[in-house]
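Common to both upcoming complexes is subunit A, partnered first by subunit B, then by subunit C.
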Partner chain A sequence: MLTTTVILGLVLGGTYALLALGLTLQYGIARIMNLAYGELTLLSAFVVVALFQGLGLSPLLTLPLVAAGGYGIGWLLYAVMMRPLVARSQGRGRLEVDSILATFGLLFLIQGGLLLAFGANFTSISYLDRGVTVLGVSVALNRLIAFGICVVVGAALVVALKTTRWGLIMRAVALTPGSAPLVGIDVNRAARQGFALGSALAAVAGASISMYQTFSATAGVVFTMKALVIVIMGGVGNVPGALAAGFGLGLIETFVATAIDPGLTLAATFAIFLLVLLWRPQGLFGARR
Partner chain B sequence: MRLILPLICLAVLAVLPLHFSDYGLGLLIGAATYVTLASAWALFSGHTHYISLATVAFYGAGAYTVAVLNEVLPYPAILLCAAVIGGTLALIVGLSTLRLRGVYFVIFSFGLAELIRQLITWYEVNVTGTLGRYIFLDITTRQIYWQMLALGAATIALTAWIMRARLGLALRVIGDDETVAAHSGVNLARVKLIAFVLSSVILTLAGAITSPRYVYVEPSIVFNPTVSFLTVIMALLGGANRLWGPALGAVPLFLVFEFLSSNFPDTYPIFLGLLFIGVVFVVPDGLISAAERLTRRGQVRA
Partner chain C sequence: MIGITRRTSLRALSLGMVSAAAMTAGMAAAQDDTVTIGYAVARTGPNATGAGITTIPNYELWVDTVNKAGGLAMPDGSRRMIEVVEYDNRSANEDIVRSIERLATQDEVDLILPPWGTGSNLAIAPLMARFGYPQMAVTAVTDKAPEFAERWDRSFWMLGGGHDYATGLVEVLSAARDAGRINDKVAVVSVADGFGIDLINGARPAFEEAGFELVYDETYPLGTSDFAAIMNGAQDSGADSFVAFSYPPGSFGMTKTAQSMNYNPKVFYISVGGAFPIYPGVADGKAEGVMAIGGVNADSPTIQDYFQRHTAFVGNPPDSWASAITYASLEMLAQAIERVGLDHAALAKELSTGVFDTVVGEVRLENNQLRDLWWVGQWQGGSFRAVNPADKEGASEPVIPKPEW
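And now, the complex of A and B:
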């Protein structure tokens, strides 16, 4: 019983961690609090499902495609929509309010488009739906694949941020956007890349969600909410923290759903959020500021 | 003079329902409700720039309080209970988030309504075993309208008073720069908390007053998130930091959305999204400020 919960929780947590990674990049590097994040995830999930049902393309094949598409959409969104707001705010607090309201509008725009295109019904596909036994627990293969994607992508991102020159630039912008230009960093370019990469991660997360979860066009807000809670738990802009917090939330949620009541998972998420805010608002793994 | 005009308007609005059909009266109540909600929202969020997305959490809490208590207590006592519940809820939310940066508050308010809806649903299904309640109160539609009109007028009067008082000054400084506010001796957490609780109590009362119109109440009906979003966009369109801004944005938008939701229910979210983006890019300070800027430019040229 306990092993089942732990394994299922870790598998769910993998997807959450991936979701949160993209959001923490967008907020940490581009300084955009993107409330439409969950809708981007859903958009990708719907595209994967449509390609699977319409053309018979396997989700694993379409995954790189939607990732690239996500990057492109994120790039465009930043260049067209966010950049003017950044320029207008001139480094003052105005950007936060503006970006929240603008992405809030984007949320409805995408949601409305999804409702028109795919309807309000719940959608799911059966793909690699057979059980695999892990440590004596039967887990659906599609869930395991989703978990694998999360681990690979998450690890690659952590390594890239830690070791490459590109990662160094990203971390510099995340830490002090004001001083980064002094050492010759193009902050605008880095922010655009960060935002686009975050959208690409949202798309990958959406693709892996579409493999094993039932979802509807109005479920985006819940994804955004969970991703936000994880980002704050892990510390804003903290990639390893977001990974750990994502797994943690998956575990807790699965535990609450099996041991107490599936209707209380969101309440559990919020209870954790409240505890983090009261106890360590800088995040579980963040340094005191 | 500054007092006379609003009072005349209020008097005219108060006698309006005597000449209106039931449908017209329904529209009047809706408009009055959104004027109240948007003004109450702006009371806290307009000056501090702490965007609250939790309007319906309080509105729904008020409506649900009436649904639970309508056969137990007399009506005024129910309203009092609703106000206390709304205030307590706001205190809990405010104490845990308003000490921190604005974005935490936004995120918390983003999910608050959904959280309360799920908790009530869970409680009703598992503990009381009744999901869905009826409200049978001996209150006519006109009385609801008059109550809402009074609440709206009180909200605007309260805002006018706060804007002249020390509290309003403190709120404006917080909105401009929190560090400066702290250095000038403003107790940040306390000022924000007072304004947030005041605004939330009004939102809760608005929900309680309109609730008899629902007759049948279920968590998914009264905690409809669209109410929160409409409130925000209405206040922003008119100008959230102006006394009459929220009211100015609420009336036309309410009518537009009423028309859209009955005629084009499918494209409704797209329109809402475009409106949000349009307001942020075109009239970031609201219509009143934009109009003032236009007239000022005209004067300079002349």
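And now, the complex of A and C:
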């Protein structure tokens, strides 16, 4: 019973954490609160499904492609749309408000485009939908893959941010974007990379979601909300925090669903969210400001 | 600088007035030739999916069909083309109400077609009644239909209530249990949202009355995407029948989860989404034996013809629950207009009392409601066939136990 809960919870948490990684990067490094994050995820999910149904390309094969595409779109979005906002904002507060408004508009733009291109139908494909037994618990293979991607990508990000020079630059920009130029860091470039990388992760999350979940062109906001809760709980811009919060949330939801009542999963999520906001508004793993 | 004298401005004014008058005259003449039909449907927002599957394609197919045949037939034998005024209601009740007002007062359309969804139809009902338009509330499932039909006498409720669907399902399961094919234990889950609550509230007493034991009875929040824990609980409950009062994402998610964990109940019932044409694809081609809400008489030639036309026009087949009823409501409207014209009072009376020949067969409303409906359907040999009410003409025999995934 307990192993079932733990394993199902970890797998669910992995899918949540994967969804949140990109958003936390975008907010942490580029300081853009991207409300269109869920729509970018959906865009990638639709592309993966279209390639799967149209050309018979396996989602695992197209995953690197959409990740690269996501990077490109993120790069363009930052250069064309976000850069002017950053340039004219004096302080952090102004940029946050502006970026929230701008990406809120972007949300509807992408949603409209998706509705036009892919229609309003629910979309769902059957790919690797068979069960795999892990320690006696049957888990869907596609979810297990999402969990695996999350662990690999999350660990790689944590290591890269901690140990490489590139990671140092990213952390410097995230911590004090005002002082980073003093030591010769191109803040604009670093922020653009951070935003693009976040979009690439959104695309990866979308590709994995397309394998196991039913979605429609209007479901983006659900993904954004989930990612936002995890990002804020883990500490904004904190990659290990997002991973931990994602796994924690998955475990709690599964535990509540099996031991108490499936009807209370959402209530439990938001109760914990509220507690975190009340007692640690900087997030479970966020540094005090 | 150009001096504008009183004379030139007067001249300009009169010229403008004449041309405006000429334009309105032109429009009035055009209005005599066409029938304007307005609707405010959800092109965006959470209702866009439902409207995009059931409502909009059927409106467009019908308008296309009528106009290709030369237009709507009038009582005097003439034909008038349909002109459509469409608004996006953005899935918001305020927008729906505003659009209906606009359609009625500014566009002055001849007829208004309803939006998708129970809530949207309830939101516009008082307004439609005030402006006197007949309202063919097709995609509204409500147990209070008799009350509403009485309160707004030009409203028509055509998809039954939650109680009807729940009772239909209990009938199917009772028959199977009495034949010794399933035990008397049922695992039931329901989405904690309007429709799921309606159905479970109808189902609990019906199951108990029929002597079933609900060994697993849980609700889950709207938006749940992971059903592993729930399906585990249902599998461990020892029930032969799995019943889910669910919306499409949940229906699909539970199907996939049941398959991946190899959960093979003898009855697998899901609600909305089970009758969608994409369901067999979602179930990886193993939909055979899955039960769901709705159903059509798949052997009827009119239904087969409708499915073919829908596929040719829209690109995919219709869903096997509310789509055919939606199309039938439009056919009723056209036939009523042919008999009595566009006067709203006469039209409402004809819809209420007349007999109509539609894709779902001969239709006659009872107290402004369509009661001759299918409650339970099952995937059999690639089509979603109606199995309950069992005594209705065209019903198929349910296959229980369902073959394994």
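What we mean here is this: the second predicted complex is superposed on the first by the 273 of 289 C-alpha atoms of A that agree within 3 Å, B and C clash if a C-alpha of one lies under 4 Å from a C-alpha of the other, contacts with A are read in each partner's own complex, and residues count from 1 in each chain.
Methods note: a contact is a pair of C-beta atoms (placed from the backbone, for glycine too) under 8 Å apart; a residue touches a chain by one contact, two chains touch by 3 or more.
This is a predicted model, so every value here is computed, not measured.
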{"item": "Subunit B versus subunit C as contact partner of A:G148, first or second or both or neither", "value": "neither"}
{"item": "Which superposed partner A:L8 touches (first subunit B, second subunit C, both, neither)", "value": "second"}
{"item": "Touching partner for A:P181 - first (subunit B), second (subunit C), both, neither", "value": "neither"}
{"item": "Partner chain(s) touched by A:P64 [first = subunit B, second = subunit C, both, neither]", "value": "neither"}
{"item": "Touching partner for A:D261 - first (subunit B), second (subunit C), both, neither", "value": "both"}
{"item": "Partner chain(s) touched by A:L85 [first = subunit B, second = subunit C, both, neither]", "value": "first"}
{"item": "Contact residues common to both interfaces of subunit A (with subunit B and with subunit C)", "value": "108, 111-112, 115, 222, 261, 263, 266-267"}
{"item": "Touching residues (chain side subunit B, partner subunit A) in the complex", "value": "49, 51, 53, 96-97, 100, 102-104, 106-108, 110-111, 114-115, 118-119, 121-122, 125-126, 177, 225, 229, 232, 236, 266-281, 284"}
{"item": "Subunit A - residues contacting subunit B, complex", "value": "33, 35, 81, 84-85, 93, 96-98, 100-102, 104-113, 115-116, 221-222, 224-225, 228-229, 232, 261, 263-264, 266-267, 270, 273-274, 277-278, 281"}
{"item": "Residues of subunit A defined as touching subunit C within the complex", "value": "4-5, 8, 11-12, 15, 108, 111-112, 115, 119-126, 129-131, 138-141, 143, 212-219, 222, 253-254, 257-258, 261-263, 265-267"}
{"item": "Residue ranges of subunit C touching subunit A (in the complex, touch as defined)", "value": "43-46, 48-49, 51-53, 56, 189, 192, 218-221, 223-226, 228-230, 232-233, 248-249, 252-253, 256-257, 259-262, 273, 276, 278, 281-285, 316"}
